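Naming follows writing order (A, B, C and D), and every chain is counted from residue 1.
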Amino acid sequence: MTHSAAILGASGYTGAELVRLIATHPGIEIAALSGDRKAGMAMGEVFPHLAHLDLPALCKIEEIDFSGIDIAFCALPHAMSQAVIAELPGDLKIVDLSADFRLRNDGEYEKWYGKPHAAMELQQEAVYGLTEFYREEIRAARLVAGTGCNAATVQFALRPLIEAGLIDLDDIVCDLKNGVSGAGRSLKENMLFAERSEDVFAYSAGGTHRHLGEFDQEFSAIAGRDVRILFTPHLVPVNRGILASCYVKGDPQAVHEALASRYGAEPFLRVLPFGRLPGMSHVQGSNFCHIGVSGDRVTGRTLVVATLDNLCKGSSGQALQNANLMLGLPETEGLMLAPVFP
Amino acid sequence: MTHSAAILGASGYTGAELVRLIATHPGIEIAALSGDRKAGMAMGEVFPHLAHLDLPALCKIEEIDFSGIDIAFCALPHAMSQAVIAELPGDLKIVDLSADFRLRNDGEYEKWYGKPHAAMELQQEAVYGLTEFYREEIRAARLVAGTGCNAATVQFALRPLIEAGLIDLDDIVCDLKNGVSGAGRSLKENMLFAERSEDVFAYSAGGTHRHLGEFDQEFSAIAGRDVRILFTPHLVPVNRGILASCYVKGDPQAVHEALASRYGAEPFLRVLPFGRLPGMSHVQGSNFCHIGVSGDRVTGRTLVVATLDNLCKGSSGQALQNANLMLGLPETEGLMLAPVFP
Amino acid sequence: MTHSAAILGASGYTGAELVRLIATHPGIEIAALSGDRKAGMAMGEVFPHLAHLDLPALCKIEEIDFSGIDIAFCALPHAMSQAVIAELPGDLKIVDLSADFRLRNDGEYEKWYGKPHAAMELQQEAVYGLTEFYREEIRAARLVAGTGCNAATVQFALRPLIEAGLIDLDDIVCDLKNGVSGAGRSLKENMLFAERSEDVFAYSAGGTHRHLGEFDQEFSAIAGRDVRILFTPHLVPVNRGILASCYVKGDPQAVHEALASRYGAEPFLRVLPFGRLPGMSHVQGSNFCHIGVSGDRVTGRTLVVATLDNLCKGSSGQALQNANLMLGLPETEGLMLAPVFP
Amino acid sequence: MTHSAAILGASGYTGAELVRLIATHPGIEIAALSGDRKAGMAMGEVFPHLAHLDLPALCKIEEIDFSGIDIAFCALPHAMSQAVIAELPGDLKIVDLSADFRLRNDGEYEKWYGKPHAAMELQQEAVYGLTEFYREEIRAARLVAGTGCNAATVQFALRPLIEAGLIDLDDIVCDLKNGVSGAGRSLKENMLFAERSEDVFAYSAGGTHRHLGEFDQEFSAIAGRDVRILFTPHLVPVNRGILASCYVKGDPQAVHEALASRYGAEPFLRVLPFGRLPGMSHVQGSNFCHIGVSGDRVTGRTLVVATLDNLCKGSSGQALQNANLMLGLPETEGLMLAPVFP
């Protein structure tokens, strides 16, 4: 049996990535694609790399008949997402890729996103979509909130260490490098090729990046106390990829063992042999996350490096993995594509 | 039933690409991987992006037991390829990715590759692997010679036009742009990142590029007379991709119709609407080739632009497509992966 | 004695490049910088790479007192440029970098730029700014029109050949590759890093690119008859650089000799030894143009490749070279910076 | 009066960068260029971007007559450098760009570079070439040891803070991103374009990078106790540039003031307004270093980001700056070139 999916906001990069992945998924077919500003256009016109697929044309959300839809992927900007989802049928399964349902606490949402949440009851219902840590809740959920792409990367590196009490919670430094596609397709001067090529810079420094809301919520919950990590993202001239370098205080071997043991059975999380560190190009185009651990000549200091593809495992791949769970399909279906290198 | 494949020369980019593609192919499994200089290493060490796959370790060719192998992909350097293949079992199906069996005429081989061919009888047996034009011969073949990646791109643009007598055979200019992975993983100063980044240059100008041997052979055979095109490749700072701009004398609409009509039923060749031209990023990571046609304000002049991924449709994807035919499998099996963009 | 310069439209790339070049020029100082949308900002805020310079803040054009200005560089969008210049003092020396004064014929301007010219008398007064071919006119001019960057590159390759009657005027194919900074700092979806990186595509094909107006005007004037070349630009993922591959019918050695002889005394135009071809990275950041010539195995066919930096020799460097002439300064002053490689 | 310079090892990137800079220096002329493997070739053949300069051909070191040479720049590999310099005239001024004379302690040299030093007396004589901190010693020196490019960047960020006792010496984390040209022109598989493009990875992690020897020596000397920082470099796909993100414990405002005050009069070191952070593209092609400071929501944590061009301020520009001092020339001569952006 094939499940019908709608993708709302299909004219952005995460929407296109969903289409790419679902294209080889045997159990899901795309029944509707919305893209308000590009309504009426063929998906192959907006994204010529998808032109070989037999897809519905882009439409407006209000034109979609949701009665035959089993699951909706919502790849809309935050704030718009909560408004749209509030109007969708109450029994429709939804995977939201925006930031709207990641933070359970309304005050936290307003703090990081600048205005009150307009759909509080939905926010309470939503399950945080970090698959490997909320698998059973996701399986039972109607509404799953995709995580931030940076947030996923860092959590894969750190959650098992916090859970096991292996590291100093007051001294976690995460220096993150991320690719340009994470900024989406919106027009900003500093996202032009001529500005990004041959450049690297730190942004949202000083504890101002919105994904910190997710770290605060998740790490504090695990630790049972407030945890505030240092987190500085740097934009690097690559299309896809996030690489997080996490500097922690704790025993390197214990850290490595905790990660290797926790992720040993996970199909998409791969812990490298001790001392080996991953590169972005090892995972691009795929749903895998590679994690490496190194000690230091300074005793008790450990470096954990995690890397994944922001559009896939960090966003649309995660969404499809969660959708598989919600639909009762094998979790890895449509997601075992090998990375593309070089 | 699953077919067993060996990949000889698996430590290069085309070898790795074969593994990537076969990884999601339901009917072929990889039984052996050779890589002489890296024999003994795990494939995941040589190519960490393939580390999630359950693969045999790299070995030396002489360590492979070919008795259980149904098909061998030979991704070795030219000259070495003919020597190795001559020693393989005479009933083994082989897809060769080197240049060794592309030219039927021994003199032509020596002219372009600088020494006489050492396995003439095999050369005579080999079928030229341009799938869309040699499909039936390939289906029946034991030894198929993969085409040059540039050669494939330009032939997709021009063959139907020459067949139909639509263009002036004495005035064909092909200006080609290709990505860096086409040069393989061998160490050359001018392939270093610092030399290639931010640069574009023409190489093998003046009718000296070896793929001209393929053009001469194929175009002359179609036309029934000698055809000598002008062909200048330019290296551009991208990893994957070939984009050929072919300037011909002929009616633009007739050219477009000939291509659209010839390729209408082809699963991997896509002719765009008249006047629209493709970009490399529309096909990267996939087995598709996109072709566009434009007229000019100068009457009777036509531009045909074709683009494909040199490692996939230009090499390993083509090889797998041919292997599917040789093994009696559906031609598109394992090859319908959508391009990865951005 | 130091000359005072104003730069109008200094918040774009060509404006910034003018500042970079003039920064080391001993005879010119920058007295005013305009940038309407960024008026009030320091230049070092808009362009942090210029923050070490002691520069006037950006202002609105109407705030500039032109009484003490010796020369104005006008780096405004076309159409706006003619309106602004018409209001400037009638005795002010002006180098215009827009397209507004390149075409002498009003009908041609309207044909390529879509509306009638609003300052016809200025258009008649303007001298075409291709320094090496209009040197004496530029020296005497009040208003010099900078050439298109693509237009300069191709003219350097072809003018001496047309002048000498060495090539077939009805069969000139120019396949051009250019860097992204040529599109300026304006916001377009297809100029985002994620869209341009790893991509190459042809645009303005079919004889529609506006620089054709310059080719028509200049080549026809030289030849004494209508000349219509084929010209297709391709965008490549580099910041700076234009590389034009010109396919002509004519004797290769004669072509090489004509170029070498014509440019032998030119400080910025460098003809390579016969058979050697230049790369973009040989000229980036400088005012040099490198030109190479190759023959072909097809007798009578010749490839001329010219490359320059679009922001420097193709635009702001050319403008400064012309300003030097107009101000009676040594032509190469401030322009002998070596290219930056790698 | 013009000083004569020899550049030993001119066929590498730092040698070419020295030539680029000296080309516009009014007080130094290049009298000899050595490059053993390319001896006999013109510099313009090895580096076409320098072809417009009137330069001596590359020769072997033993062919140079040092009697007329005022200063030698030695851009040779480490170990070779000490052997060559030991044979040069004892009164020749020398700026060495290798690692051979950076570490004063012989045991440290052997520890980091794997074999004993062969010219200990020279090592004792050498002055560490971090201009802004050893200016007077350099002015008086005969032999100056250029610093590591990463080492310079991090020291610019941290020295004033350690001097002023503003930060916790036991908790300094430096996450560094550097461009590919830092690896030089030597042939390594992982420096190929296809391997580096679209990738970021950490290398020499765990306290194994050789530049740590410089940090240990310098920071411990300033602090009067052992200081061991954490330092992890990451390779990013840019040609030129180092960006060091230094996470320290100390008051952000005090840190900013210490840097701003210490560097206020320095011509090449620029401290940005508090809270603003620099990007690599702000300094590429120049001798400038930009430094920014940010606080954090976590009280008492400070981020210092420093960026410079590894080939210029990190290597050849520093060398020329030191040579200016050694020759009694103005320190900034030949070095005020503005960065090239975009």
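The rule is simple: contacts are C-beta pairs under 8 Å (C-beta built on N, C-alpha and C of every residue); 3 or more make two chains touch, one makes a residue touch a chain.
Please read these numbers as outputs of a predicted model, since none were measured by experiment.
Q: Can you tell me which chain lies farthest from subunit D, using the average of the Cα atoms as each chain's centre?
A: The chain farthest from subunit D, judged by C-alpha centres, is B.
Q: Applying the document's contact definition, name the chain pair with more C-beta pairs in contact, B-D or C-D.
A: Spelling it out, more C-beta pairs touch across C-D than across the other pair.
Q: I'd like to verify one number: the distance from the centre of subunit B to the centre of subunit D, where each centre is the average of its C-alpha atoms, in whole angstrom.
A: 45
Q: As a quick test, compute the distance in whole Å between the mean CA positions of subunit C and subunit D.
A: 36
Q: Which residues does subunit C have that touch at least 2 chains other than itself?
A: Counting only residues that touch two or more other chains, subunit C contributes 13, 181, 194-195, 197-198, 237-240, 278-279, 281, 284, 342.
Q: What part of subunit A is in contact with subunit C in the complex they form?
A: Per the stated touch rule, the residues are 13, 179-181, 183, 185, 187-189, 191-198, 237-239.
Q: Report the residues of subunit A in contact with subunit D in the complex, numbered from low to high.
A: By the definition above, subunit A touches subunit D via 171, 173, 175, 177, 194-195, 197-203, 205-208, 212, 228, 230, 232, 234, 236-241, 243, 245, 247, 275, 277-281, 284, 294-298, 301, 303, 305, 342.
Q: For the complex, which residues does subunit C have touching subunit D?
A: Listed in rising order, the residues of subunit C that touch subunit D are 13, 16, 19-20, 23-24, 47-53, 181, 198, 239-240, 270, 278-279, 281-286, 288, 290, 336-342.
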